[in-house]
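Same chain, two partners: chain A is paired with chain B first, then with chain C.
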Partner chain A sequence: MTEPEGSRQPDAGRRRFLTGAAMSTLLLAPGVSLITYAAGRGATAGASSRVRWGLLIDANKCTDSCNACVTACSTTNGWKNLGRPTDPQWIRKVSLTDPESGITRSVPMLCQHCAEPPCVDVCPTGASFKRADGIVLVDRHICIGCRYCMLACPYKARSFVHEDVTDQEPNSPRGKGTVESCNLCAPRIDAGGIPACVEACARDGYGAMMFGDLNDPNSALRRQLAKYPAAQLRADLQLDPGVRYQGL
Partner chain B sequence: MNEARFRQVIGQSPAYWGGAALLALLVLAGVMAAHRMEELGHIITGMDNQVAWGLPHVFAVFLIVAASGSLNVASVASVFSRVEYKPLARLSGLLAIALLVGGLAILVLDLGRPDRIGVAMTHYNFRSIFAWNILLYTGFLSITALYLWVQMEARLNGYTRSVGTAAFLWRLILTTGTGSIFGFLVARDAWDAAIMAPLFIAMSLSFGQAIFILVLMAACRWTGRPLGDALLQRLKNLLGILAAAVLYFLMAFHLTKLYEAKYHAVEHFLLASGRPYGLLFWFGAVFLGGVLPLALFYLPALRASRRAIVAGALAIIAGGLALVYVIIIGGQAYPLTIFPGWKVSSSFADGVVNAYAPSLPEWVLAAGGTALALLIVLLAVRLLRFLPESLADDPADSGARH
Partner chain C sequence: MRDRLLIFAGLVVLVGLLTWPSWQGLLAREAASAPTPAVREGLTHCIRDTAWMRRHHMELLMHTRDDVVYRGIRDPNETIPGCMNCHLTRLADGSYPTVSSPQFFCNSCHSYAGVKTDCFSCHSNRPDPAAAGGAAQSVRVTAVASRETP
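For the complex of A and B:
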């Protein structure tokens, strides 16, 4: 129903605008929330249990001097290591020395995306979760910041956000007071890509990292695993990590 | 024994209100410290990515296990029908609630997102022992409150034994759960042991009993109510047994670990080389928490001394805090073994002992939670009839009548 222009009271337009705005907000807000929610959870909904994403790291190729994987992860996901013990490190290089022979190795260390992840078991709210395709993630919306997962992880793969974060990357939302770790670049994988660390290792490093489907016997990853024995870190815990190491 | 008569504390003296004001100030300071931690982040604490649980957790776990133990006296009265303890059962229940609330306040305010406490109450992962603990804590508060109600409401007195038994069983499960927070963690060499559950039960019984005796003695002294020597001796003797039980479980825990070669390094760290953990273990947990109080309680020359009881109970509290510190902080300070057989180094403190020094906000938060527990007791004894008018020894009751 429309009113003639002249009959409108002075503030009627404003009132109508405010009412309209309020109604729009009421109607749109749940929709926007749902879209946001769907965007956040879309990856989960789309993940398929037919695949299990994993990494193979060749310690014979990786060198101590190369940090390409760490730099790429930091840039892609927007975390910064300024050298303080409170800074996050989603991926780090670990230098290894055999005390008897003096043999040295250098390997990247990151979330091992376990099939039986202790972080998921211990999380009181279920914020730590495993996608159908094996990627272990933290739902920042329900992480309460108790840090119990950090105590439970045998690989020290998790970091706590100790202060305000700036310059966040759209695909890697972070938040003060919550726990975070390598997400295997799930947004890139969902878009058909590969993790940034693997890409950087091939481009700027020594091609020591391979990404693929652990479930597919014909994948390059599985074929490489069939050639040489590969180690699971802390295999004694039987967590079935999705990251394997050759040459250790 | 005549039915005990209970009476509120008058609570009008400057000392009473001065004490309450001091505790309230400490609580306020704790809340402000927590607010700063939330505003600026945990960057202002001594905790980091290597030592993720710090001093607040030491105090929170200490208070939570002590809460369960402070219910000892009530359990002995209600479950095991020892009538001489019956007049103490109300204070015992009150202390259990107060200590648990104080401990939980610290734990919650230390969260990275304390504003999401509602999430913790509505999203449960039932595989998580931590989630089970949330239910155990809230359940304990409810059952103990009910237990107090059936004791204080004359027409419900008949339910005291059944509700008391439920509370007794619940607190055993609760402390099993708290110990299992650490016992279930396979990642850390210092933990990962089923015996941590009974160890925590023994710790809770000892710490809680020590706090109960001190609170009872202070309450009787400050309100001029008589407290009989025979009763105090019984409470003290029970405390001595409980302190010895902690020593026993500690011995069994560490001897088992020492028997396995893979734990030699971590045991050497916790019991000898680790600073300050070796000192805190031997001087704190063993000497202050066990040897000294046993000597103070049972040496013939000191047996009748009330000061020796106070000193022994205080030593158990200090030793208990030291023990919880060694367990929680020491367990994280020792580096994880991710690459067995290799010497490791990295930018993320791999292979090195992690340093930790609590910051001022952590101390203030811990003090605030402790003050909250004491403030609850102080106000509650004024509001309701928790304290008996007299605990003087009844000549007819002393001796073998139970």
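For the complex of A and C:
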């Protein structure tokens, strides 16, 4: 019994195709492994656009004499401010006095993690960027140190590293020639924690800082925002900062 | 035409001399292999296959860099402090080698291959105490406090 020539030909063609496919899979397999990088063990889930991290600072609780948040940030992130005008300042204390009544309030000033960050708008290399969860960061791998972002920021939140840095904290790389600012302790947040300043304020200070999700109507932060009016600094600029102040 | 032997002998010597670097390379490869990076005692496995790491570790570094910086996906084993946890070995006096020291584990291969890196002008060359031990399943101890502050 012989099959007509025409009916065997497609089978042979299919077989050749399948063999070829198997061969190319063997060739491609090492390349495919490149895609599986991200599936590492014990990796954090990453930034989600469902949340927007923010801070609420209660000026009525914060005092002029306390510096706990600044100290904690400095230790955690390994920067030192020796009082020179060009020294780094991820967070600083500012005092505000009403000239009429003479009443004084002291609050921490840091990157406001704007929803519409002007530093991101002006960055020529794309090093300034906003993460999915609203944290504004500098990718110092591509920062060229032009400092446009420092000029654009109305809060003076950023600083430039002028000198060689040694003995950095393992989780907080910093280096000469790049701009840096508060990262809202992104490494700690990614690991499920809270920023070092908030932790220190509750432990050593007066509990004037609250960290939470601005998108979640049931978060402690949003409940507190609903209770008392809170101000955005330079609200006229419509940057929608993620750091809010009560009692100013 | 009487010098034919001499001419050909001379040509062979000339060609041999011109291709000497190649011969030298072939001979050297048999004699000595590339250096291997230092690793803490008692550890046998890297986060990937050793042969793969030798060729592709820089791609892994670049990939995890973008994951960490832009997407917040952090695997404590696959960060530069994670490398330090296993590969950084103490000197005789108990201190860690500096980045420029030949004992620093990156330098053993990088000086051999003539490749310069600038990772450590920003990154710390110390192990991360929060991810110590190589099998860093624990997140930063100080950071596990509840997110809801009163």
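The working rule: the second predicted complex is superposed on the first by the 203 of 248 C-alpha atoms of A that agree within 3 Å, B and C clash if a C-alpha of one lies under 4 Å from a C-alpha of the other, contacts with A are read in each partner's own complex, and residues count from 1 in each chain.
The definition used in the following text is that contacts are C-beta pairs under 8 Å (C-beta built on N, C-alpha and C of every residue); 3 or more make two chains touch, one makes a residue touch a chain.
Here the structure is a predicted model, which means the values were calculated and not measured.
Colleague: Determine, under the contact definition given at the top, whether A:168 touches first (chain B), second (chain C), both, or neither.
Modeller: The second partner, chain C, only.
Colleague: So in the superposed three-chain picture, is A:178 touching just chain B, just chain C, both, or none of them (first/second/both/neither)?
Modeller: both
Colleague: Which of the two partners, first being chain B and second being chain C, lies in contact with A:151: first, second, both, or neither?
Modeller: first
Colleague: Looking at the overlay, does A:207 come into contact with chain B only (first), chain C only (second), both, or neither?
Modeller: second
Colleague: Once the structures are superposed on A, label A:220 by its partner contacts, choosing first (chain B), second (chain C), both or neither.
Modeller: second
Colleague: Do chain B and chain C touch any of the same residues on chain A, and if so, which?
Modeller: On chain A, the overlap between the chain B and chain C contacts is residues 164, 176, 178.
Colleague: Which residues of chain A touch chain B in the complex?
Modeller: Contact set of chain A toward chain B: 81, 83-89, 92-99, 105, 109, 118, 120-127, 142-148, 150-156, 158-164, 176-179, 233-234, 237, 248.
Colleague: Where on chain A does chain C make contact in their complex?
Modeller: 34, 37-38, 40-47, 129, 131-133, 137, 139-141, 164-165, 167-171, 173-176, 178, 185-194, 196, 198-199, 202, 207, 209-212, 219-220
Colleague: Looking at the complex, which residues from chain B come into contact with chain A?
Modeller: Residues 38, 40-43, 48-50, 52-53, 111-114, 116-117, 119-120, 123-125, 127-131, 134, 181, 184-188, 332, 336-339, 341-350, 354.
Colleague: Can you check the complex and tell me which residues of chain C touch chain A?
Modeller: Residues 47, 59-60, 63-65, 67, 69-78, 80-81, 84, 121-124, 126-130, 136-137, 139-140, 142-145, 147-150.
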